[in-house]
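Order of writing sets the chain letters: A, B and C. Residues in each chain are counted from 1.
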Amino acid sequence: MTQGGLDIPTLVILLKGAGVSLGLACAAIACATVLAVLLTALAFSRLLPVRLFYRLYIYVIRGTPLLVLAMLIFYALPAFDLRTGPYLAAVVVLAIYVAALFAEVFRGGVLAIPRPQWESAKSLGLPPGAMLRKVIGPLVLRYTLPSYVNVCVMAVKATSVLSIISVWELTLASREIIERTLAVFTILGTAGAFYFVMCLGIDRAGRRLEQRLALRGFGGEHA
Amino acid sequence: MRRLVCRFLAAAAIPVLLLAAATAGAEDKSRLDTVLERGKLIVVTGSAAPPFAFTDDKGELVGFDIDIVRLLATALFKDPTKVEFVVVTAEGRWPAIESGRGDMGVGGTTVYPDRALRVAFTRPFVDSGQSILVTKKSGIKSIAELNQEKWTVANLVNPQMADRAKRYFPKTKVLTFDTPSAQFLAVKSGRAQALQIDTPTAEYFAAQNKNEFVVLPTLLGASQNNAIFLKPGDFKWWLWLDTAVAELRTGSWYPQYTEVYNKWFGKNPPPQKFYLPQR
Amino acid sequence: MRWTWVTTYGSTYLDALGWTLLAALLASAGSMFWGCVLFLIRLMGGRAAALGVGGYVQVFRNTPVLLPIYVIYFGFPLVGLPWPALACGALALVLQNGAYVSEILRGSFRAIDRVQFDAAKSVGLSPWQTFRKITLPQVLVHSIPSLGNQVVALIKDTSLLSAIAVTELTMQAKLLTERTGAAYEAFMVVAALYLVLVFATEALFRTAHRAVRWR
C-alpha cells in the first residue's frame, strides 16, 4: 500500500481545487444575493398566493438535502443542460439553495426594523426605490450582516457536496488523490485545512466589516 | 416595491421565452452538424475507470477511451485537442446524454440490451468482460470460493453488476460505489476483499501492485463489448460515429488504432480482418 | 411523472427509508450526547479545556461534513478498525454535529439571567444542585427549537452517506436512476420523502417545545 505524501504537485492540485471551490461559492453567493432580494420582496407581497409561493420555495429548498436537489437538477431537468457545463449547473444549484437561506436572513432583518423607523421613512415621502436604497437597505444590512456571513461560510462548505456529482473541486480532487495513493489522512487533512482557512477567513472578514459599519453609526443604537 | 418586482419579472421573462423558442427548434438538426459548427466535440466520460478513462498524477484526463475520442476529433476537425470532456459518475452518464449535455459518451461503457433501450450504441471499439479482482491475502482462488458470507465485494452502481452478484455469488456481502477507483480504494483499505469490474480495469488495478492483488481467471459471463453511446434518434450522428469506429477497428485508421491500443494494453489489437495475415 | 413508479418501487424506498431513519436516529442521539459532554467540559473544565473545546468547535464549524465522513470511512480500516459504513458515517456526523449542539447549549446557557445564580448561592444551593435545578432545565428548554433545527440538518446530512455505500434514500434514488433511467421520478419521490421527514421532525419539536414551556 502506497502512503504517498504531500508533495508539491499534489499540493498544487489541492490548491487549484480550493480555488475552484471558492470561485463556485463566490459566483453562487453573488447570484443568490440577487435572487434572495427578489424572494424577500415576494415574502412581503400583499397578495397571499405570492407569499405562499415564498413559503413553499423556502420549505422545499431547505427541507431537501442539497445532494438530492443537485442530482434532481443535474440529472432530471434537461432545460439546464443545453450546452451548459457542469460548473454553470453547479452555480445554479448552489445559488437556488443559498438564496433560500439568504432570503430568510433578509426577511428576519426586515422584520427587525422597528415600527418608528418605517413610519419616519414613509413620512419622508421618498419614492419606494429610494426608500429601499437609503433607509431599508442599510438597516437590513446592519442587522443581518452576521447571519449573512454565516450563510456565506455555509455556501463554501456546500461546494464539497457537489463533488459527489463529479463537479471537480477540492473534495473531489482529494478523493481522486487518495484513491491513487491511499494517503487518506494527509490529503483529507490538508483539504480540511484549506476549507478551514477559507471559512475562517470569510468569518473574520465579516466581523471586521461589521465593526467598520458599526463605527459609521448605522442604527447602532438599535443593536 | 411590488411594481419594481413586477417590472423586473416581466423584463426577465422576455429573454427566457426567446431562449425557449430558439432552442425548441434546435432538435431538428443533427448532432453531427451541431458538432461541426461548434468546432468542438463534447464528450461525457467517467474519470476513474483505468485504463479507459482516468486521471493521472498531474490531474490530467487520460486513457484508452480518451485517446480514441481524440482520434475522432482529428477525423472531424484535424485537431485532437478540439474536445471538451464532461466528467460524470456511473449513474450520471445516462442523464448527461439524454439531456443533451454531451454529444457522445465513453469511459468503459459496456453494451447491454436493456441499456440500448435508452441510449444508442455504435459498434464496439474494444472488447471487455467482467472480472473479479481479489486480494492475495484473502486467498480466494475462484468464484465459488468468493461465494461466502465472510467476504465483501465492491460493486459499481449499475444494475448489471448487482444482478451478476446475485447470480454468481449471492452469499457475498455487497458494497456499491459510484466509481471504479472508489471500489479499488475500498479493496485497498480492507473494506472489501474483491471487486467486480471490466477485465481491462481489473488487470490495470492488479498491475499496480502484483504482490497484493490478482484477477480471478474466469470471466463472469461472456466476453463483452465496450462502445460509444449517444442519444438515440439521430441517425446521421450515429452513422458517422459508427463508420468512424468501423474504420478504426477494421479499415483505414487501423494503424492509429493499433498505436493507441499498444499504448494502453501493451499488445496488438485483434486483427483487422481474420482473413488477412497479421503484419 | 409516472405515478405507477411509486407503486412499483415503493417497497425499495421503504427499505432505504429505514436506513435513513436509523442513521438519523443514531447520529441525533450521538450528537446530543457528545454535544452535552463538550458543553459540560467547557463549562466546568477550566481554561485549557474550554480553549480545547472552543478550538474543536471552530474546526468542525469551518470544514464540510463530507471530509470527516471520508476520513473515517476510508481511513479507519487502514488503522485496523474496519467499521461498517453506517457506523463510520454516524461517527462523522456525531463529531460534526456535536460541535453545533454544544454551541446551541452554550448560547442557551448565556441566555440565563446571572441573577438566578446569585439567588441560588444566597439560598445555599451547592453547585451541583444549582446545575440540576436551575441551569439544566432552562438550557434544555431554551435549546429545543435550535436542537430541532439541528436534527433536521442531520436528516439532510444522512444523504451524504450515499457516498460511502450506505443504501439510504439518496443511494436508492441513484440505483433506481441507473436501473431505469427515470431520474425525475426517482429523485422526486426521494425529495418528497425527505420533506415529509423534515415536516414531521419540525412538528415534533414544536409540540415538545410547547409542552415543556408550560410546565
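Simple rule for what comes next: a residue touches a chain if its C-beta (ideal position, glycine included) is under 8 Å from a C-beta of that chain, and two chains touch if they have at least 3 such contacts.
Fair warning: this is a prediction, and the values are worked out from it, not measured in the lab.
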| item | value |
| --- | --- |
| Chain-level touch network, classified as line, ring, star, complete or other | complete |
| Chain whose mean Cα position lies farthest from chain A | B |
| Comparison of B-C and A-C by number of C-beta pairs in contact, larger one | A-C |
| Centre-of-Cα separation between chain C and chain B, whole angstrom | 38 |
| Between chain C and chain A, distance of the C-alpha-averaged centres to the nearest whole Å | 22 |
| Two or more partner chains touched - positions in chain C | 74-75, 78, 163, 174, 177, 183 |
| Shared-contact residues (touching 2 or more other chains) in chain B | 91, 95, 98, 178, 185, 189 |
| For chain A, residues contacting two or more additional chains | 1, 75-77, 164, 175, 178, 182, 184 |
| Complex contact set, residues of chain A against chain B | 1, 9, 13, 16, 38, 41-42, 44-46, 74-78, 80-86, 128-129, 132, 164-166, 168, 173, 175-176, 178-180, 182, 184 |
| Chain A residues touching chain C - in the complex, by the definition given at the top | 1, 59-60, 62-69, 71-72, 75-77, 153, 157-161, 163-164, 171, 174-175, 178, 182, 184-185, 188-189, 191-192, 195-196, 199-200, 203 |
| Contact set on chain B toward chain C in their complex | 90-91, 94-95, 98, 117-118, 157-159, 162, 175-178, 185-186, 189-191 |
| Chain B to chain A touching residues, read off their complex | 1-5, 8, 23, 26, 42, 47-48, 55, 57-59, 84, 86-89, 91-92, 95-96, 98-101, 178-179, 181-182, 184-185, 188-189, 209, 212 |
| Residues of chain C that touch chain A when the two form their complex | 58-59, 61-67, 70-71, 74-75, 78, 152, 156-160, 162-163, 169-170, 173-174, 177, 183-184, 187-188, 190-191, 194-195, 198-199 |
